[in-house]
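Some structures to go through are shown next.
Same chain, two partners: chain A is paired with chain B first, then with chain C.
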Partner chain A sequence: MAIAGALIWAAVIGTLIYATRERRRVQSEHAAGLLILWGGAIIPALLLGLLLGYALWLMPDIRPWSAPGEPAGLRIEVEGEQFWWRVRYHPADGPPVDAANEIRLPVGERVEFTLTSSDVIHSFWIPVLGGKMDMIPGRTNRLTLRAAKTGTYRGPCTEFCGTSHALMAFSVVVMEPDAFRDWLADEARPSPGAGAPGGELFIANGCPACHTVRGTEATGAVGPDLSHVGSRETLAAGIMPVDVEAIASFISKPDAIKPGAQMPAFGMLPEADIAAIAAYLEGLK
Partner chain B sequence: MKPPPIAPEEVRRAQEKRLRDVWETPSGWRYWTSVNNTQVGVWYTATAFAFMLFAGVLALLMRTQLAVPDNDFLSADFFNQAFTLHGTVMMFLFAVPMFEAVAIYLLPPMLGARDLPFPRLSAFGFWSFLIGGAFVCGSIFFDAAPNAGWFMYPPLATDKQYSGIGADIWLLGLSFIEVASIAAAVELIVGTMKCRAPGMRVNMMPLFAWYLLIVAGMILFAFPPLIAGDLLFELERMFDWPFFDAARGGDPILWQHLFWIFGHPEVYIIFLPAIALMAMIVPTFAQRPIVGYSWIVLAAVGTGFLSFGLWVHHMFATGLPQISLAFFSAASEAVVIPTGVQIFVFIATLLAGRVIFGVPMLFGAGGLAIFIIGGLTGVMVALAPFDWQAHDTYFIVAHLHYVLIGGMLFPVVAGLYYFYPLVDGRKLSDRLGKIAFWLMFVGFNVAFFPMHLSGLRGMPRRVFTYPEGLGWDWLNLISTIGAYVFAAGFLVVVFDVLRPKSRQPALERNPWNAGTLEWINEPDENWGVRSIPLIESRYPAWDQQDLIRHTDEGRFYLPDAEEGRRETLVTSVLDAEPIYCMRVGGNAVSPIVAAFALGAVFIALTFEWWVATAVSAFVTLGAILFWAWTGTAEIPEKPGKDIGLGLTLPLYRSGPESVGWWAMFITMVGDGTAFGSLVFGYFFYWTIHEDFTAGTAGPGVLWPMAALACFVAAWLLMLAARGVNARGSAIGMRLAVGAALVLTAVGSLTGLYGPWVHGMDPTAHVYPAIVWVLVAWTAVHGAVGIVMLLYCLARSFAGKLTTAHDIDIHNVVLFWHFLTVTAVTTFAVVGLFPLAL
Partner chain C sequence: MRILPKEIETLWTLFTAPVVWALHFLVCYVGAAIYCAKQDAVDFGFGVVRAGIGAVTVAALAMIVLSAVLAWRQWGFGTYDPPHDDPTPHDRRRFQGFATLLLSGLSFIAVVYTAMAALMISGCFQ
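And then the complex of A and B:
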């Protein structure tokens, strides 16, 4: 398409430059009229007809015209929130599994996404896997994707959603199907680190009001699920590495790192406590 | 044709003195009370350019922030305000007003009119634009600018915590400017249809006038849906009526429809006038008439028409059914064809002529080269599968800037270099023009071409920063460098315009040897044309021998101003046969007072200062009534006058022959479109819900039907009033008008009583809210109608509305036709439609 575009551009501009040259034959009005007819109407109509036909032929393959007959094996519910992603896996067999800010997919399988939003409009996009789809309050949009090869990718929010729109992304990890199923089974269970030291500080300082860590008394549902936060590729919806230092800085000043984020700052806690909580969270593999 | 006879020298000197006195521009502070198109057009253009420079500075700030990854030059919040304001200002305060400004300046001389039919309305529009624009732009200095993006998607933009007062400034400030835009559209349509020089039949109109007619018509159908959307939006923000709140039956998608039904035609509203400038420049530089006049007119009409069927291509990612995506994809591709025809008309004209190259051509051709790239990427993004990738990325940012800068800014600069001698009698510098062009052309491409790549590499638009290592870093750095080069180029243009030119010798008239009528104007006289010529050709300055000399010698129509009044000719719509001699409004303060008072209404509403709002509204009404009373439907001191060449024309005409009737008609078409958009909202909610009423009570059948009956009866009485008046009975007319007044008041109240007595709570659910909006819309129109009826009664008692002089009653009856359609639609929809559920 880019090459065809470049050729069309060159042809039109070439004619224009030729037309402005001083020494050339003056064309008759009839010839000029023919140029308008062919250049302005007939050729573009033919080219566009072909292009449009091709696009319409592609569309059902990329996105089904109606609800798909073949049920997808795995459905993933993603809800956009300012400025993070709530993720819930619905495997064909077994109960749903909650996660956040990271999506793992089995390679080669069709996965259905149901996309919603709880506050403002967001847009869900994994550039390497397919086109984007908006997440609109009050509506549920469906999108199916099939990853062709394994790897780790990035997906940004692509509808302006507020102050930290630029800081809302997620990582996508495409795995071999067996590895994916093992991972999902692990994800459904509490992390081995859930009972580690530092957990009591996490509980005592009020974190469970918003966050869940499976296997503990933390079952809050306001903020992202942290059950396996230590095993994720990124922290705070795709903006930081998952290490103790980054976690500690986010706990003490989330609003400075992500303006407009809902999470209150915990900078008033003793540094040692913050460090202990950060180490605990980093250990939730 | 044999040249008309010439008057003796001393008679001509006396005529010239009288004309000069009548059209004289006031001096001192009174200069600003001028309403003549020459002054207002220049102010308007300068103001639009000033807003453009302001928005350009915002763009440079943003580019600086994005030059390197993880930059903290700007805060996230300021960046979000900056990009919102950049888009808003460029669209609403530069691109559209620029066309109105240029049209106000150029249209009268092109058509051979002395002024537009409603010069005070032009002045009102300008002052409204200035006030509204300053209000919107100024907000950023108080950290209160709108910050939800220029298309203001709810629920983000309806969130008061997030947007603060910024969203109200956007909604109210721009509604105010949109009202002014519609006023300008009315003025331009009436001017083009009714104020052409005798003999200039529609198929002889300069292409610029054709384009303006089309664009003004588009404004009339495109802006009202946005005004309706603004109304719903502001009702949600101010009074919590849940139009876009999904939890209470609203839907954020309705805003997207209303916005883009406006927003897509808007692109063509911006683009077509720029093409219109090219359509004047190209024949001049090819030194021959345009090839394919009817082709280009038809193509422009086609573009305008198709542009209303494309809006959904801005919503390809919202999850609409595939079938509608396919339809809008096809329509979006179809619009390429008329656009292509217009471009090829220019190329064909150049090929069929001997081209003289100059700075205007340079900017024109450069703009075309840029625009075509934007058009080609447009073809790509019109295909849904491609758009799913490109949508809301920097690819779109690149695409829209290629379209708008190539399709609007470059042609406007071309127009500036081309028409500058008309304003100042001197040319801008060729050398500076060339430097500016190359800086702008190269800078533009360096800035925006890499954005295609950063978009395809996944960079979303509207991000205040981005992490390093995603392959976006150096592309963004190049874009930033290009943006500064581009800005430098534009500064050269600004310098060229502002540098003192008094040492430059004044040029002869028509320095480019153009063929159209505007070039016979004398730049140092305010009267426009010395006499209004008889037109026999599309390019009269080429085809009609000695046209300039004969016009200057006052051999044609209206060479004099014996009664000391500003006058121009009103001609018939198709054939431009002279109908009457119109006295146009002179310099006045009332439009300025009305504009400032109306501005105060909108500003006070933003801050929810209710008392100030009411006071300003009262002053506005007073100013408008005073303006109408003193400046319209004036009864002339004699029935007709000799306008030259042995032709005597009346000085007063009413009904469809008069310009006021057309203005009312056109205004009400726009008003009807806004109303239609609200009705669309009603049915939109019906289609998206299983049970649209959500179990809440409706307004019943009885009260809506009673209201409907009152409005229809009032309409019949108005028809009777007009008829009785024509037969000479002032008393019968007054009685009929009085009865209509009572019935309208009763009808409005009855209409409101329906939802009220059934306890419909507009904050509870969207169904009561939309019913209240329709009923209140009708009642407000009823109230406006009542003011008009009182005005008619007062005019009748003052002897200004009589059997022979019946402009007022004709125009009010015309309003009543539209009011009746509105009332019947409203009450049938809210009263009867629920029965069909």
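And then the complex of A and C:
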């Protein structure tokens, strides 16, 4: 595509230079007419026709539903919220699994996304995998993607959604299908760290009102699911590394890190408690 | 009072091909949308819709070609070269014929591009 574009560009610029050179022979009107007819109409129309045909031929694969008879695959529900992503995996053969702010995909498989929003319009985009799709309150938009290569990518929110719009992103991890299925099974289970020290502080300070940590009494659903937050690539929707320090600073001043975030600041807690909670969350692998 | 002028010299022919293009576009898209909204209420498949789009396309292209042939005649079968910019009835007619011919070409390509989607789309969203 880039090569073809370069060739066309070179042809146009070449013609321009030819036309503006100093000593020029006058062209007949007939030759000029032919140039316009072929270079301006027939060849572009054929090229555009070819490109359109190619794009249409690709379409069945990016259309959001499977062909008749094809078994239903993985569906991932993603809901945009100011300023984070609620993620729910619906595997073909099992109960749904909740997660947040990170999306893992099996390489080479078609995955259907159902995209919604709970507040304002957001837009879901994984640039390396395909085009963007808006998330509109009261509507479900669908998008199908197939990742061709394993790796870690980034997806930003691409529709202005408030003060922290630019701080609303997510990581995408494309894995081998077997590794993905193992990971999803682990994700559905409580983290081995769920019973570690620090958990009682997490519970006692009211975090369960908004957050879920599987295997504990924390089952809130207002904020992101934190069951395996320690194993994620990023914290707070793609803006910070997952380490004890970053978690502690987010707990004490979320509004300073992410203006307008819907989480109250817990800076009034004793520093030692914040550190203990942060270490506990970091241990939720 | 007449709505259509009596003389041969009328501007209406100029718009024939683009109007056919617009109608073809609407019939294809509105038709497919209505079918997909009501597919449970009717007992034919999407194949019929595609065949219908094919038939409408052939009809539209035939009308555009007819308009092009008439324009070619009005232009004088290419015996006079553009730009046809003298203030005479002769040049006015040639100019209109030539413009109609170009619009017919544009409309022909547009109708083909519109219909190409039906080659690949094999069903409604489900």
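To be clear about the criterion, the second predicted complex is superposed on the first by the 271 of 285 C-alpha atoms of A that agree within 3 Å, B and C clash if a C-alpha of one lies under 4 Å from a C-alpha of the other, contacts with A are read in each partner's own complex, and residues count from 1 in each chain.
The criterion applied here is as follows: a contact is a pair of C-beta atoms (placed from the backbone, for glycine too) under 8 Å apart; a residue touches a chain by one contact, two chains touch by 3 or more.
Please read these numbers as outputs of a predicted model, since none were measured by experiment.
*Asks:* Just to be sure I read the superposition right, which of the two partners does A:131 touch: chain B = first, chain C = second, or both, or neither?
*Replies:* The answer is first: A:131 touches chain B but not chain C.
*Asks:* So, does A:52 touch the first partner chain B, the second partner chain C, both, or neither?
*Replies:* both
*Asks:* After superposition on the shared chain, which partner residues are touched by A:41: those of chain B (first), chain C (second), both, or neither?
*Replies:* In the superposed model, A:41 contacts both chain B and chain C.
*Asks:* After the superposition on A, what does A:259 contact: first (chain B), second (chain C), both or neither?
*Replies:* first
*Asks:* Now for A:22: first (chain B), second (chain C), both, or neither, which partner does it touch?
*Replies:* In the superposition, A:22 touches chain B alone.
*Asks:* What is the contact status of A:96 with respect to chain B (first) and chain C (second): first, second, both, or neither?
*Replies:* Neither partner.
*Asks:* Quick check on the output: what are the common chain A residues between the chain B footprint and the chain C footprint?
*Replies:* In the superposed arrangement, which is not itself an observed complex, chain A uses residues 29, 33, 41, 45, 48, 52, 56, 59-60, 63-65 for both chain B and chain C.
*Asks:* Give the list of chain A residues in touch with chain B in this complex.
*Replies:* My answer: residues 1, 5, 8-9, 12-13, 15-22, 26-29, 31-33, 35-36, 39-41, 44-45, 48, 51-52, 55-56, 58-60, 62-65, 115, 119-121, 123, 125, 127, 130-134, 136-139, 141-142, 154, 156-167, 239, 259-260.
*Asks:* Considering only the defined contacts, which chain C positions touch chain A in the complex?
*Replies:* 81, 105, 109, 112-113, 116-117, 119-123, 125-126
*Asks:* Name, in rising order, each residue of chain B that touches chain A in their complex.
*Replies:* Where chain B meets chain A, its residues are 75-77, 80, 148-149, 153, 155-156, 159, 162, 246-247, 250-253, 291-292, 295, 299, 317-319, 322-323, 325-326, 329-330, 333-334, 336-337, 340-345, 347-355, 357, 361, 365, 368-369, 372-373, 376-377, 379-380, 383-389, 391-393, 457-458, 460-467, 470.
*Asks:* State the interface residues of chain A toward chain C in the complex, per the touch definition above.
*Replies:* By the definition above, chain A touches chain C via 29, 33, 41, 45, 48-49, 52-53, 56-57, 59-60, 63-65, 68.
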